[in-house]
Amino acid sequence: MRTDHGLPLVRLGLIGAGRIGTMHAGNIARHVPGAELAAVADARPEAAEKLAARYGTEAQDVDGLLKDVDGVVITSIAAAHLDLIQRAAAAGKPVWCEKPASLTLEEIDQAIAATDAAGVAFQVGFNRRFAKDFAAARRTVEDGGIGTPQLMRSITRDPGPATLRAGIPPWTIFRETLIHDFDTLLWLNPGARPVEVFTKADALVAPEYKNDGLLDTAVVLITFDNGAIATAEANFSALYGYDVRGEVFGSKGMVVTGGLPSSPLVHYDANGLRQQTFRSDEEMFRDAYVQELADFAEVVRGNAAPPVTGADARNALRVALAAIASYEENRPVRIEELG
Amino acid sequence: MRTDHGLPLVRLGLIGAGRIGTMHAGNIARHVPGAELAAVADARPEAAEKLAARYGTEAQDVDGLLKDVDGVVITSIAAAHLDLIQRAAAAGKPVWCEKPASLTLEEIDQAIAATDAAGVAFQVGFNRRFAKDFAAARRTVEDGGIGTPQLMRSITRDPGPATLRAGIPPWTIFRETLIHDFDTLLWLNPGARPVEVFTKADALVAPEYKNDGLLDTAVVLITFDNGAIATAEANFSALYGYDVRGEVFGSKGMVVTGGLPSSPLVHYDANGLRQQTFRSDEEMFRDAYVQELADFAEVVRGNAAPPVTGADARNALRVALAAIASYEENRPVRIEELG
Amino acid sequence: MRTDHGLPLVRLGLIGAGRIGTMHAGNIARHVPGAELAAVADARPEAAEKLAARYGTEAQDVDGLLKDVDGVVITSIAAAHLDLIQRAAAAGKPVWCEKPASLTLEEIDQAIAATDAAGVAFQVGFNRRFAKDFAAARRTVEDGGIGTPQLMRSITRDPGPATLRAGIPPWTIFRETLIHDFDTLLWLNPGARPVEVFTKADALVAPEYKNDGLLDTAVVLITFDNGAIATAEANFSALYGYDVRGEVFGSKGMVVTGGLPSSPLVHYDANGLRQQTFRSDEEMFRDAYVQELADFAEVVRGNAAPPVTGADARNALRVALAAIASYEENRPVRIEELG
Amino acid sequence: MRTDHGLPLVRLGLIGAGRIGTMHAGNIARHVPGAELAAVADARPEAAEKLAARYGTEAQDVDGLLKDVDGVVITSIAAAHLDLIQRAAAAGKPVWCEKPASLTLEEIDQAIAATDAAGVAFQVGFNRRFAKDFAAARRTVEDGGIGTPQLMRSITRDPGPATLRAGIPPWTIFRETLIHDFDTLLWLNPGARPVEVFTKADALVAPEYKNDGLLDTAVVLITFDNGAIATAEANFSALYGYDVRGEVFGSKGMVVTGGLPSSPLVHYDANGLRQQTFRSDEEMFRDAYVQELADFAEVVRGNAAPPVTGADARNALRVALAAIASYEENRPVRIEELG
């Protein structure tokens, strides 16, 4: 991890004091080199107060925060993203926004337009790209280490037992969960474009919510214009923990990443051997969460372009929307149908 | 491996002296407990002579062989299977037939009918079921160790570089390669039935044969009536060797099998660590190939029912045919459409 | 990692701005919850200035630093440890000191006496105890998960190629390197005491320095009063990187820790599979280095007793001195001979 | 595994129908290419009868057997080895003898002399050399893949719980168990000679037999004339199964072999992941046991020299005797003291 040496201090404001915002706040306050948590805002002022107090900073309303900071980190609910991005752009502040940046193409187009018009940087939070093993997998692909991708896989299984409930939006598994896998697959197949999508999905973890449209298990098959055939897979309840893996098989070899033992410790007893597994995204992607904001700090300093852009978010979203259409119509859907 | 102790000698005749037949002949002659390679036949008599000489047994024509043996092992080309099965049944001899038992539903139905009518046992060569790790995975599923299957995966990548050529039948990847994966998925989801299939496939290894219809890369998505969503995947040219893996994820856990290092030896040097990979089916499934015939010897002795039946072959073939139809029409195809 | 929530701020002063001090300074400044790098001192004022500037803090002389801080982190050369510990004790400040706390029993006894007399806490930097996998191994042993220890192993191989030189003290491999392994073995065999030591050592990496007494390869066999037989092993030049492992075998099982792949990424190509290895202590023990100071911050706050004490340093040192005596005399040496 | 093709049939006679003899008999009868189990003898004729019947061969007395066969496989108790070797030599028959070939230097010298004088081949059963991963480790060392060996390790832990009893000879752990590790270490350090040995050993598994001299836990430190320092370690009761591993660290890298999972199957559940371990030598070294006799069959055919010789047995025995002397006198013992 880079030290603070030589890094001008960047004052970041965080909007959205929920679970993921709390984690990012801690990272900014402590672990991101040359960064300071300058302010916290939340639609619930008491949540902002509490989080600000934890790190000895100020709670503000959004407008106050926007005046005060060098860059904005948006960790609110997805429905609030566009408005916040537009306000940050209007204030001339670089924006980092958690995934999913938006839930519709219209919104992401408006977000891109707003930041482009204002000339502010816009970075999106696809954290897996910043995990060392995923990043090394991408470099191996780029360097030709596996030849041309032919078969790909990206999976996300959230740790169980899941506590699902009525009211979760029906397309959550595609727009909030698999959006990671769609981005990962596009990113691990550099230069190629997705062509067609086919989806099978079901409510297997919590069949009682199927009538509400809540799907908890899904497999999406994606073809690319370079011939690669990819599988994205998600489930909301892996009893053994948080399971995120990627695989790219090509004409010259394969990379596999996202291994499951969370520690090198092996315990042998009369039943054989045992190892522990990852239990949460915060455990598995702890460093990646820091790195994506460290990179954003560099963007704020003007030293780098955003490593994950609004266009990346749009590309992943198009696959998600095609996947939803495919599920609804039980047919392959071409990406170009999405507009 | 069981010893010969207490096992009455079983005299097996092998028909088909090609690569796979030669391997099975060696296993019968040397490694299958209580078995003897009593005769070898082949459409090319000189091939039968050569193989018989290697193991000190006799070359015969099919009729002569059928009179002489306790059971028949058919390792000819798939097109010849039905005729040989029917002749073995007419001769009242138990039959073991390599996969694919047949390439059409009509043929497998006739094969089943012939052996049923004759009251002879009919076993099919899905060797993966006999690999210790795959067998243990199935036991774990049956014992409830992973709960109800929700997501499954079976892959076959043949060792590369592939030497493809014109003249290989177009549907080889479905009927000869993925047929293993279809059987594996059905077998690892006991009690469930496949419902619908969707396929994407391409000629990525050897695009020059795409006009001949030769596909070398395929992914097939299969849904089951217990909700499980499965992926079967194949490719003809894995440069790192023979890659066969299985995964079953369920409501309580997961089994993963078919690991890739072929030896526990790890070599560390200035570039990190290295391990070797499997290079062929004979290397990876050596014991499984012996075990399936050891089990057949027990069938011949009358001590057991065939562990893999004609009905199993038919079920896997239906999935293969649905996968082909899906590829041709680029739509999900229901198994029941196949008749 | 714990957040700063609820943790009173602890102002730490660091003495010794070399490689390891620079790393600890960065951890205090950024990663240790509720800690602040309040001052830096070094025998070379310009080194202190440079390091202080990097983290926006002050360079001071030792006396100034001692007045200014809540606790002291000593990362100077070993020869300076005792004087600094005594001055910190005289100033009434809790002390954390890098290993080896001292190179002689007299010095460690004086350090313990000084801190005891002043009533200040004294913690020693055996970082491996704070690595998650080593800590989990210890918990498994304590919880009876492997029964009574019978065979143990701890190894340290520094990353190569080593750049050895004349002037390195002859007993470095015992007092600076294997001291880690001696502490690890004592700590992983809780309640037991070392009884006897036998050593073989040599200059195999750099035979040209053998005349200077510089040993670079050593194996030390240690017996304990509960019967356990342990091996400690070190080498200064592992071409594949930094290799630190531990193993405890007992009457009911075994724990093995310190695995060698540094990333779950596996790259397969025509030569098999490859994984990367750790290249430095900072890479392998990054979190452990933070955790030991996070725990020290808790000691400074008065919330905890030092998890590694002067007595622990003395116990490890006695084994090191016995190992040296054994090497010199080529005979087993009893710990009690050391006094 | 090689086929029988082109291999003249070799008729082997086995003397000693105990556990290990029964296993070798099965291998000769079934799995060794071009070999036949021509006769079985045992000091207890009924044991010979029973084993012979299992494989459809004849029980004979030793003299009858020696007349009848092309080569002799001795699997009797160690005390009977010399007499049987001498009689086989007198009969002009090539000899394969299980380890330990003898328990004293006098006996091994007489065995070597007898076979040399008769001009018959004499092969010893150090099976680990024939395991694919150990053999590949040796090739890597020979090919310079790890540079010059500096640190080595070989361990043997027999599967537990052990059922020890009075009457087991006191030095069993050195002469019957660690003899494997001594041979492995000498063989993995080609061209080097052992110089000095130091031993610590105890009765930790079954302290009640310590008065009988029965040791069940031992570590032996061995130095070589090329500087390498090696550790051999044994224990009679590993609850997690049969644990045999080797490690050679050198100036350019390391090989590690004898990995512990016995199957690639991984089972994940709420407690993490689990894998199975080896439970016996027959499971771990099944192929090696066949290969050593396949190689002996080639020796009998005159196509090869014995891959493990009487001199190899003598060299390992010298280390074992030095280890015993070191234990008894608690001092390092030079190999040359043994004569």
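Letters are used for the chains, namely A, B, C and D, taken in the order the chains are written, and counting of residues starts over at 1 for each.
The rule we apply is simple: contacts are C-beta pairs under 8 Å (C-beta built on N, C-alpha and C of every residue); 3 or more make two chains touch, one makes a residue touch a chain.
Bear in mind the structure is a predicted one, so any value in this text is a computation, not a measurement.
Colleague: So if I superpose subunit A on subunit C by CA, what angle comes out, to the nearest 5°?
Modeller: 180
Colleague: Using C-alpha centroids, which chain lies at the maximum separation from subunit A?
Modeller: Farthest from subunit A by mean C-alpha position: D.
Colleague: Is the number of contacting C-beta pairs greater for B-D or for A-D?
Modeller: Between A-D and B-D, contacts are more numerous in B-D.
Colleague: Distance-wise, how many Å sit between the C-alpha centres of subunit B and subunit D, to the nearest whole number?
Modeller: Distance between chain centres, rounded to whole Å: 38 Å.
Colleague: Nearest whole angstrom, what separates the Cα centre of subunit A from the Cα centre of subunit D?
Modeller: A distance of 56 Å separates the two centres.
Colleague: Counting only residues that touch at least 2 other chains, which ones in subunit C make the list?
Modeller: Within subunit C, the residues that touch at least two other chains are 239-240, 252-254, 260, 266, 268-270, 276.
Colleague: Within their complex, state which residues of subunit B touch subunit D.
Modeller: Residues 1, 3-6, 26, 29-31, 33, 54-56, 132-133, 136-137, 140, 145-146, 252-260, 263-270, 276, 286.
Colleague: Once bound in the complex, which stretches of subunit B touch subunit C?
Modeller: 239-241, 260-261, 266, 268-277
Colleague: Name, in rising order, each residue of subunit C that touches subunit D in their complex.
Modeller: Where subunit C meets subunit D, its residues are 147-148, 150-151, 157, 196, 198, 200-202, 204-205, 217-219, 221, 223, 227-229, 231, 233, 235, 237-240, 243, 249, 251-254, 330-332.
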